[in-house]
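Okay, so subunit A shows up in both of these, paired with subunit B first and subunit C after.
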Partner chain A sequence: MSIVTVQLGQCGNQIGFEVFDALYSDSHCPQGLCSKRENEVYQASCKERFFSEEENGVPIARAVLVDMEPKVINQTLSKAAQSGRWKYGQHSCFCQKQGSGNNWAYGYSVHGPRHEESIMNLIQKEVEKCDCLSGFFIIMSMAGGTGSGLGAFVTQNLQDHYSNSLKMNQIIWPYGTGEVIVQNYNSILTLSHLYRSSDALLVHENDAVHKICAKLMNIKQISFSDINQVLAHQLGSVFQPTYSMEGSYHYRRNPLGELMENLVPHPEFKMLGIRNIPQMSENSLAYSTFTWAGLLKHLRQMLISNSKMEEGIDWQVRPPLSRLPTLGKVSLNRELHFNTSIANLVILRGKDVHSADLGGFKDPALYTSWLAPVNAFNVWKTQRAFSKYEKSAALVSNSQFLLKPLDTIVGKAWNMFASKAYIHQYTKFGIEEEDFLDSFTLLEQVVASYCNL
Partner chain B sequence: MTQSVVVQVGQCGNQIGCCFWDLALREHAAVNQKGIYDEAISSFFRNVDTRVVGDGGNISKGKICSLKARAVLIDMEEGVVNEILQGPLRDVFDSKQLITDISGSGNNWAVGHKVFGRLYQEQILEKLRKSAEHCDCLQCFFIIHSMGGGTGSGLGTFLLKVLEDEFPEVYRFVTSVYPSGEDDVITSPYNSILAMKELNEHADCVLPIDNQSLFDIISKIDLMVNSGKLGTTIKPKSLVTSSAGALKKQHQKPFDAMNNIVANLLLNLTSSARFEGSLNMDLNEISMNLVPFPQLHYLVSSLTPLYTLADVNIPTRRLDQMFSDAFSKDHQLIRADPKHSLYLACALMVRGNVQVSDLRRNIERLKPSLQFISWNQEGWKTSLCSVPPVGHSHSLLALANNTCVKPTFMELRERFMRLYKKKAHLHHYLQIEGMEESCFMEAVSSLSTLIEEYNQLDATRSMPVEDLPRLSVAV
Partner chain C sequence: MGRRRRRVDRGAAVGALPKAIAALSRTLPAGPSPEIFRRAKFDRPEAAPALWQLLFRVLSPLSADGASASPAQEAQVRAVKSELRSQGYPRRALAQLPEDGSQGSRELLLALAWLLARGPLLERLLAQTRVRLGDEIPLCECEALARPGAPVPRVEADGPVDIRHLQWLMGKLRFQWRKLITSQQEQCALLGKIHSYTRGCHSDRSLGHLSVAETELLRDAEGGQQLLRRLESENVCLEAALRWRRQELVFWRWMDTVLGTCPPEASQPTFVPRIPERGAGEWELVARELQALQEELRGAAEPRRAAWEARVGGWGPEWSAVQRASREAVGLELAALQRAWERGGAAAQPHGPCRLVKSDAGASGGPGLRAAQVIEVLRSREACLEAVLCQLQRQCRQELARLAGALPGLIWILPPGR
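The block that comes next holds the complex of A and B.
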């Protein structure tokens, strides 16, 4: 089953390119560490999911590129074409001349309705190329105007027109110290709207990925390109093919559907975080060996202590001894050491994958009480190694991972809202104070829900 | 891609404008080696086939034939515009895009605004409409003028209202040169205050510039060049402090060098919109991020490194130094000290080989020494443009919405009151039809309201930063 990706805005398009590039490179990687047949089936599965075929054999990404100004799309298209290995469809982009000015209201209320038909037509065309549609990735940032505002609008439209298909929004969480001054407003408006129309929000935090580049990849002068590549690697490690029930040579057909089923049991809890291990520069990789036991031990502790990467993990954090519900509302001011999960999905790729012991993840102490641990934890595997890592593991988690970032953004947006700063820029385009208040209310609810897990 | 139109009004406006067009041409020539008319050039230039008679002949793609600036030149005396039309840039300007008169405005805002405004309103509208028609997607008008004289100040602000009415969706960015204390035009305080009211009401964004600061910056550059310690050499080609042509600097009028700084400001301001980068910033994002309340739209600018403005080859100092300098009061284009005042918002527009980690590192480093208003503690807007300025590896333009503009406004009001109390020269204004004493009173009142807003913001500095109680929801 295929996934159609909608890339929105500068961020969405820049990342989208890296994602397809990573997926392609991995599926054509000679070091699959498995049999030729296995490799071929893996490749075919990846291809069906993310690429369609052209006459001359060059794979075309199943993607629609949308931006309100032309520079980034032009760059993205040419970068893909230059690689000579894959490309974007010639008529898969929608572009305007003037951007959204970092204004969510402009992206949502002006560009959205104005270009609804054109954009949905493009998406329809891409969908028609699929034999069987699993769902959509929507890649967007929260901080800007197009990705955030138009992204929210498009997601809503997808819900209306493709109600049987799943939508996963890949959301880029901006740097805490600001890329855009009104990023907190744009973020809360985006999140509250997406919460109503999306099926899952997979969050990628710029700050976290930046640290990975600095500490683990040892990159001195980190560019957005570096950040996007790490992000693409993380995404690839989740969505590249994995075995279905039948095991070797048989790959899961509907990862998106199964992921949703496993990880989003309740519509109130849609925020998913992603972690992977190991993550290092190619130079270091040559000198490293891994064991599943070691990798999984670290990954489990990353989950429990809410660590964003494999360095600097707090090993003191332990699951609570009893799972009795806490009395009264848990105060956020108290350091939340232990990260409670609703559901987790671990993806293992590489040598001897069947020997990996995942008992640590099945411990009921990690989870809330309302799902039986056997339902709360799932694992996907393949022997085929991912992107030169002999063994690698990824974790997609519906847990309190994003509680603190969410709470922080809501707090900052609230402080700014109280002063009414910048509000005139939004009311100019039809987003009123009530809309802001609705967003705050919805998100406070989400914060409270996650807090009280 | 969008286009912008530059409207240069008065002597100062036109001289700065002339520098700007010279630099813009040189920048595009350096970047666009193949001579193809691309979207970046089209933001400021039309491509015209001069063999076609009449108004047609706009070529949208292909090789560059003849570039015409998207500009309207307005002056109520002929001297400056004539000089431009006889100089090396004469072919860049469309002769139909000029409005001139002979008598000048006599350093009288009322003459510029009321007399010439009324007289030339139709013509102005016609030229503006024409220039808009030539644009695929007009995003912004850049108005360049001085505040202290008559034409730039009066007629320049008159056309703000015209632009607002005729093109309500197009941004109005105004570069205003404020008179310094030793200004030789006696009536400059009157002109400035009367113009300020118009800027308050009809501009989207104002970039105030101060002649004294420009002069200080030029002096600093000269000092660096002549000190000889740093082993400087004259660069063969870079954006020079001299005006059109790569001539030696010795016999330059000081204004040329100063105008070049302002021209560089405009070039850098628009670089991220014209050229590619990993984090683009369009012109409409400037207003969105830096103007939290409609009245507070005055942005203090600073350019670093200073030597990008000079024809010299000073060895590259550490990148981080560039960021530090942007916040020092020596680099601001008006007399202001943002570090010791309150920031409402700050934008950093970087060009060249600078990546996001450099940006983040410097923001982290400088943040503790800057004071941001309580509701915008992380009020940073950043952009990264890959194309550096000609002949240099990187540069930074910082735009600050900061209460440090307040002293400039207060001084202006002070100078105004000194004159006004004695009713000095007032009759020159009152004899113009449509001018009454109430005009002056309203203008001062408008300025005082603005100053009061900044006062109130400053007052919050001493208050502790507290998080407000959040909405409580039933669980």
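The block that comes next holds the complex of A and C.
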């Protein structure tokens, strides 16, 4: 079943390129550590999901590129075509000549409706190429202008026109010390609108990925390209093919559907975080070996202590001894250090994957009281190695990962709103104070729900 | 002369009965031999298990090619009793048969005859197990609605249930629903492709293209052999059914004699369980105590009920009038809905699945329905149901508003949605 990707804005388009590139490279990687026949099945499964076929055999990414200025789109198109391995469709992009000045309201209320028909037509054409549409990825930044406002509008439209298809928004959480002064406003408006019309919000934090580049990959001058590649690696390790069930060697047909069913069926809990282990530069890779026990131990502690990477994990954090049902508000100070999960999905790829012991993730102490581990924890496996890593594990988690960052952003936005700073930029284009208040209410509710796990 | 003729007639009749029963048996799933039927007339216990099994297979909803193992004897017996009761079977003697399935073959035989006589039982069974060569889609849901299927096991929750868990489960259901719709869309797209690619391949000109089963037949020889075998066994069943139709009069005359051998039914006002001889004294004690308790309860409940009725202002006769009125209103609404459906639709739609055939746009009408017509009917039904849904939602909103107004200190926060 196929996934159609909508790449929005500078952020979305640059990341989208890296994602398709990572998927393609991995599926054609010769060091898959599996038989030739299995490799072919793996390739075919990945191809059907993310690429469509053309006569001369060059795969075309199932993607629609949208931006309000042509520069980034042209760069993306040419980078893909240059590689000669895969490319974007000739008529799959939409761009205008002007930017939107990082104005969320302009993106949502002006660009959106004005270009609605063209954009939806492009998406429709891409959907028609699929034998079976599983759903949509929408890659966008949360705090920018075009990406966020227009992204919120497009997601709403997808909800209206393709209500049965699944939608996952890949959201780029901005740097804490970002340059755009209204980024917190943009963030809360984006999040609240997406919460209403999307099925899942998979969050990638710029700060976290930046640290991974610096500490683990040892990159001295970190460019956006490096960050995007790490991000793409994480996404690829989740969505590349996996066996459909224990003991089977058939690949899962609908990973997006199963992921959503396992992680985000509750309408109030839609925020997902992603962790990946190991991450290192290619040079170090040749000299490292891992055991599943070691990898999973680290991954589990990363989950519990809300650590973003395998270095600097706080090993002091332990699950609470008794998981009593929390009837009232839990004391924030002490308990927040321990990250309570609602549901987790672990994906294992590589050698001897069937011998990996996941007992540590089935501990009821990790989870909230109203969902038992048998329902809350899922694991996907394949013995086909991912992208030259002999063993790798990924974790997609619906937990309190984003509670603190979300609370921080809402707090900062509220402080600005209380003094009505910069509100006129939004009211000028139809986003009224009422809309801000609605957004605050919704997000406060989300914060409270995650807090009371 | 007359006597010899009668003897000849009787001789012919004696031969005809086993043949008729054999034909009937061949048509039914798990049909027992004619000897079982004969023993059942005399209520022989050894005939009972086979007849319980037969009734179970006849009455239970269609399982996929009989793949699942049949349940234990007691479960079968209970299922048969409950299904017959819900269909209105009049003889109480059957309900009183023991659950180990060891007795009552005559009663079972009578029940089978009752089912046969009531309606087109054989036709329905044969239709259910028909070998289908085409790509079928169901046009109406009545078959599925009439048989709600196995009852869902009720799980008692120990302790209070967290509503978040319920919301979680609801969400999972919704996702599965969406996955189902997506799968159906994929199936339609692929069927379309197969139908287009195999255009002109079918020997039957009116169909024009192959179905999935027929295409598989060409690709897979082993599968073709299996299909052939299934068709042959279906033919045997159908021929048996035809033979039965020609000879069934003999069977019914014989069933009259079976009924004649039954003892007259004693009229029992209530079903009394058999009390074992051992411990009969204790049972009597218990029965007396129960009766005393019942009297006490009645004595306590009556004045309370009278007081409550007095408080709500003589709801006795008025309440039943209100009930009657609302029942009538619902009946009227339902009838109006059905009339609207019939008006919107063409002549009565056929029940059960129909074969999908893809034809060119300009093709002149053959037998069967056009998809456009079916779609129109479904759309008008959808519109009717949407109207009813909107009305019910409006009523819900009004009720919520009323409740919200009644509790001034309470703030209602609606869930995020548009």
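Assume the second predicted complex is superposed on the first by the 438 of 453 C-alpha atoms of A that agree within 3 Å, B and C clash if a C-alpha of one lies under 4 Å from a C-alpha of the other, contacts with A are read in each partner's own complex, and residues count from 1 in each chain.
We adopt the following convention: a residue touches a chain if its C-beta (ideal position, glycine included) is under 8 Å from a C-beta of that chain, and two chains touch if they have at least 3 such contacts.
This is a predicted model, so every value here is computed, not measured.
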Based on the superposed arrangement around subunit A, label subunit B with subunit C as either clash or fit. fit
Using the touch definition from the top, say if A:N164 reaches subunit B (first), subunit C (second), both or neither. second
Would you check which partner chain A:Y195 touches, where first means subunit B only, second means subunit C only, and both and neither mean what they say? second
With both complexes superposed on chain A, which partner does A:Q445 reach: first (subunit B), second (subunit C), both or neither? both
Examine A:K36 and indicate which partner it touches, taking first as subunit B and second as subunit C; both and neither are also allowed. neither
At the CA centre of subunit A, how far apart in angle are the CA centres of subunit B and subunit C, to the nearest 10 degrees? 140
Residues of subunit A touched by subunit B versus by subunit C: which partner has the larger set? B
Please indicate which partner A:I227 is in contact with in the superposed arrangement: first for subunit B, second for subunit C, both, or neither. first
Is A:G257 contacted by the first partner subunit B, the second partner subunit C, both or neither? second
Nearest approach of subunit B to subunit C by C-alpha atoms in the superposition, in Å, rounded to an integer. 8
The shared contact residues of subunit A with subunit B and subunit C are 441, 445
Quick one: which bits of subunit C touch subunit A in the complex? Just the residue numbers, please. 162, 164-165, 167-172, 174-176, 178-179, 181-183, 185-186, 189-190, 413, 415-418
Going by the contact rule set out above, which residues of subunit A touch subunit B in the complex? 10, 14, 69-72, 75, 97-99, 101-103, 145, 175-182, 210, 213-214, 219-225, 227, 329, 410-412, 414-416, 418-422, 424-425, 440-441, 444-445, 448-449, 452
Taking the complex as given, what residues does subunit A use to touch subunit C? 1, 131-134, 164-166, 192, 195-197, 254, 257, 260-261, 264-268, 325, 369-371, 375, 441-442, 445
Would you pull the subunit B residues touching subunit A in the complex into a rising list? 1-2, 39, 136-137, 139, 276, 278-280, 282, 284-285, 287-294, 344-345, 355-358, 360, 363-364, 367, 374-382, 384, 467-468, 470-473, 475
